[in-house]
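Pasting the structures here.
Note that chain A is present in both complexes that follow, paired respectively with chain B and with chain C.
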Partner chain A sequence: MSLQREIGTFVSAVLNYFDTAVQQAAVVGTPYLALGKPPDIFDYTGMIRISGKKKGVVYFTAPKGMLSVMLMRMQETDMSDANLRDLVGEVANTLSGNARKDFGRNFIISTPSVVTGTSTTIGHSPDTRPIVVPIDWRTYHANLVVCLN
Partner chain B sequence: MKRRRYDFDLAQLLPVAVATTFAAVLTVLLTLGIQRASQLQSASSALQLASELRSLPQYFGTELTLVQRGLESRTFVGEPLQEIATARDGFDKALERIDAELLAAGLGSTVEIQRIRGALDAAWARFAPLLSAVTGHTGAPYADTLSGSRLNATGRALKGDVDAALAAQADSVRDVGGALKDLAAGLQDAVGDRGRSLRSFLLIGAAVAGLLLVLMLYFSLRSRRASADARRAERQVADILGTVREGLFLLDRNLSLGAVYSASLPRILHTDAVRDRAFEDLLRPLVPAKTLATAMKFVNLLWKEKVHEDLIDTVNPLNQIEVQFARSGGGTESRFLSFAFKRVKGGGAQGEHLLGIVTDITDRVQIARELEQSKADNQAQLDLVMQLLRVPFAQLQSFVQDADMALRKSNAILKQPGREATELRAKLNGVFREVHTVKGEAGALGLASIAARLHQLEESLAALREKSQVDGNDFIPVVVRLDELMSHLAGIGQFADRLAEVQPKGDTMRSIVPPLLANQVIGADAEPPLEQLLAQVVRDSAAAQGKRAALQCRGLQDIPPAYRKAVHDITIHMARNAVVHGIEAPEGRAAASKHDTAAVRVSFEQSGSEGYVLTVEDDGQGLPYERILDTALRKGLVSPADAARMERPAVYGLIFRSGFSTAEQVTEHAGRGVGLDAVSQTVRELGGSIGIATAEGKFTRFRMKLPRAETPAATHAA
Partner chain C sequence: MNATRAHRLMIVDDSNVMRRKIERSQDIPNVEIVGTAGNGHEALALHAEARPTLVTMDLTMPEMDGIECVEQLVGRDPDIRILVISALADKATAIEALEKGASGFLCKPFTERQLNDALVKLIES
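Right after this comes the complex of A and B.
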């Protein structure tokens, strides 16, 4: 089951980021399918687009509060918008790195990009159901969304 | 191949052979030259001695004359006598030296020289004794008298010998001088010969050296050209080995790799340690021990000349192997490799090397598998279409809606917050119930493809239930299978929509393709759909279990619309349970003196004004009290202390607990312990209750009391 392996890789990437960069483990909730409406988007979203054998988008979306506390944990004092964007971009970069490492040439991965705002629309393939993996950290809640066909 | 090898060797050896030959010739020439030079020197020395000796006969004459006059004048003659003695001894020694020089000059055996030398000896032999006689006198030659000195006897004898020697001196001058002249002339010729000979040797030597120099220059040029060719060829080989995608290498008789291999080899084998490695060591981390042993035997066989390499290639164990390579960043990567071997013929009768070719065939294998999968998918699609065409249209539409709802409900359960262990277990059980319900209906409708997928999802859920600790990560396989199921179901839904376009109006109870059995044809006056479904369930389950069963239904046509869905789900589960768990195999029934075809009865009836009673019973073996208790204890559903206190009804009630099943094996039909759990939950949600009556070896009866349909709870499953 290829999709299972791919999701596992992305989840590991995010959890590993919390373990190493933030130095405080995050917990994975039960994943589910986003049916009927797009997955919830939080304040900052870092994403990679994938083409090649698989096509789609993978993104990590988190609220500002969560990212700010993450920065504090990382001894950062600058909580500016740019720094929060950098942080979520760094998570996306980790997703990209792990995908390259695990899937190699089967995946063509775009440069990570960052979007802000909860009203942002992220284009999903219409014939693919996004799989939402809740990422809980402290009292905060973020989502890792994998939408690949 | 043989001819080329010979040429190669000759080309290599020719300069060495030529140089060696020329060096030998030069050595001989130089040796001869040195010899000639030495002989020339000796001949010259002999010539010089002979020339010096030619004056000696005259000298003897002079000294003898001085002695004669001295004697006549009675003066001292000791000095000339001494000179004569010294000259005579010198002449003897000179002759000895001449002989030695002649010998050294290689003239000792020359006839002419020997003859001259003989004549000289003879002449000297005649003259030398006379000189010896002259010098042999001792004592004073004079005697003093009053009249003066006069010769005494010695003097007179000396005078006589001197006279005799002087008398012979002229002959001596002629004979000895002539012999010495001849000797000198002969030696002069010999010196000339030796000189010419030496010059010839030196000329030849110089010519040979010059020729050698020319040849060396030629060979040097040729060698440089050959080296340039070799370097160009080497570059070309390096280009080929650097470009070719296959991993090429040579194996020697020790099955070790050589120093030359293609650049792709380390990349394909994921190791830089290739050079001079034993092939077995290289292969060991890639394949299981058994494959390794077989592969080494195979490679060893290739060395045997009698073995046809093309024929045994068909049994090459390395023709296609799946190997795991460690990734640099952790984890492993699966690749497919193919090894092939060819003998490389050398100069001998047998090959000197094996050429190994290793290719990464992962893409090829994956394409082949995808093709295979594509064929299987096409076949599955075809099978699915046939399955769908056999299902009455209304039932198909209803199933798609129900299944979609159940899967959405499962997804909603997953989406609920909660990550504690108990919450995750509750999610597991909730999804399990939903999936199991849909699976039962899919099986009843003969939708094997979707039933199989649901079964796989159940497998994933069952694996999680066995785990002591579960977290969100563990649900990834569940959600992926759920996604796949929804896609599959969506495809069926689309098919059902298209089917609606061709379905005759008002004939939704008939399938496009007749069901498999003639007595199952559904027409306007056919049995109600639920009875049809239950019959299918009983028939399929019994066939899968090797049992015989007949279904008897009563009152199912009177089910109020509000209960139809719930009763539908409940009876499908319970009818299947009755066949799988309740009734015996034919041999068991024969042993119990029962009819070989078991009876499964399903009835629905009104129970006064309070509600309804749904009954499902079978004439099977009854509920196995001991086995239920054992199973509950084994699965930890009850503690041993509680088990000891439990009454029979409470023990029978355990079969409604989530995860309970007495089935030995999990199959598509039973074994998860979900069916009765789901039934129990449905009945509870409807506000009803379940009663069990059973007698071991005789029957099992489930009576489900349901409230009147007008109660709000009855709308639960609608």
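Right after this comes the complex of A and C.
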């Protein structure tokens, strides 16, 4: 499977989440390689780890404001930390689901995990180069990061 | 039992956001939500108390996952109807859930309409 198609799987998962659950489309920016410095991490990050035929990590990282407005769009009134974590975890869940569907059993995909804080360090394998896919929604900016060998 | 509330729904999902979304979204007049659970163990305990006739079941959960919980619920009550709601959209996962006794499968994310259509199908199944 080509890298482009692999990235497409994860981009589709995120866009589908906005279209279906949030009911308002997000826009994908131009992907770029994060060379020299690690990708920007926002307040909440949902990630999956991949092993098997490919190894690495894929994560969606978003600011609190963006996730709060997403919850509002979903008629949720409780913007607690727990619910913001839940939401970013659900986005990561869809990354996992799409990967399972498109990549099959050659890829072993972890259950999603969530980390918080902008100073979080996400461990990237030294033989990988993170590809950052900007995700813009309303006035907010998030990143989808695909880092596979 | 109230004749207009013939179906008793239990919602099982480890995400509070998802449980509340399902609670808010379901608008079938004769369905009463009898409780929510955050994992398979809680669901089994709640089942003993609340006796649901319908269940929405997430798959990826801590403690006890959805597949095992489906199997145990169907073992207790062969007539229970379970709608698996999961982001794991691959065919193998759906088939496994159906083989364990689930009656339907809905992929996350979903719209209100998709949820209600799936619940109606579940009731009519």
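Note that the second predicted complex is superposed on the first by the 148 of 149 C-alpha atoms of A that agree within 3 Å, B and C clash if a C-alpha of one lies under 4 Å from a C-alpha of the other, contacts with A are read in each partner's own complex, and residues count from 1 in each chain.
By our rule, a contact is a pair of C-beta atoms (placed from the backbone, for glycine too) under 8 Å apart; a residue touches a chain by one contact, two chains touch by 3 or more.
These numbers come from a predicted model, not from an experiment.
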item	value
Partner chain(s) touched by A:72 [first = chain B, second = chain C, both, neither]	neither
Which superposed partner A:131 touches (first chain B, second chain C, both, neither)	first
Chain B versus chain C as contact partner of A:25, first or second or both or neither	neither
Touching partner for A:11 - first (chain B), second (chain C), both, neither	first
Contacts on chain A seen with chain B and repeated with chain C across the two complexes	98, 101, 104
Residue numbers on chain B that touch chain A, as the complex places them	327-331, 333, 408, 411-412, 414-419, 424, 427, 471-473, 475-483, 486-487
Residue ranges of chain A in contact with chain B within the complex	1, 3-4, 7-8, 11, 27-33, 35, 98, 101-102, 104, 129, 131-134, 136
Residues on chain C engaged by chain A in the complex (per definition of touch)	15-18, 20-21, 24, 60, 86-90, 92-93, 107-111
Residue ranges of chain A in contact with chain C within the complex	16-17, 20-21, 23, 71, 74-76, 78, 82-83, 86-87, 89-90, 93-94, 96-98, 100-101, 104-105, 111-112
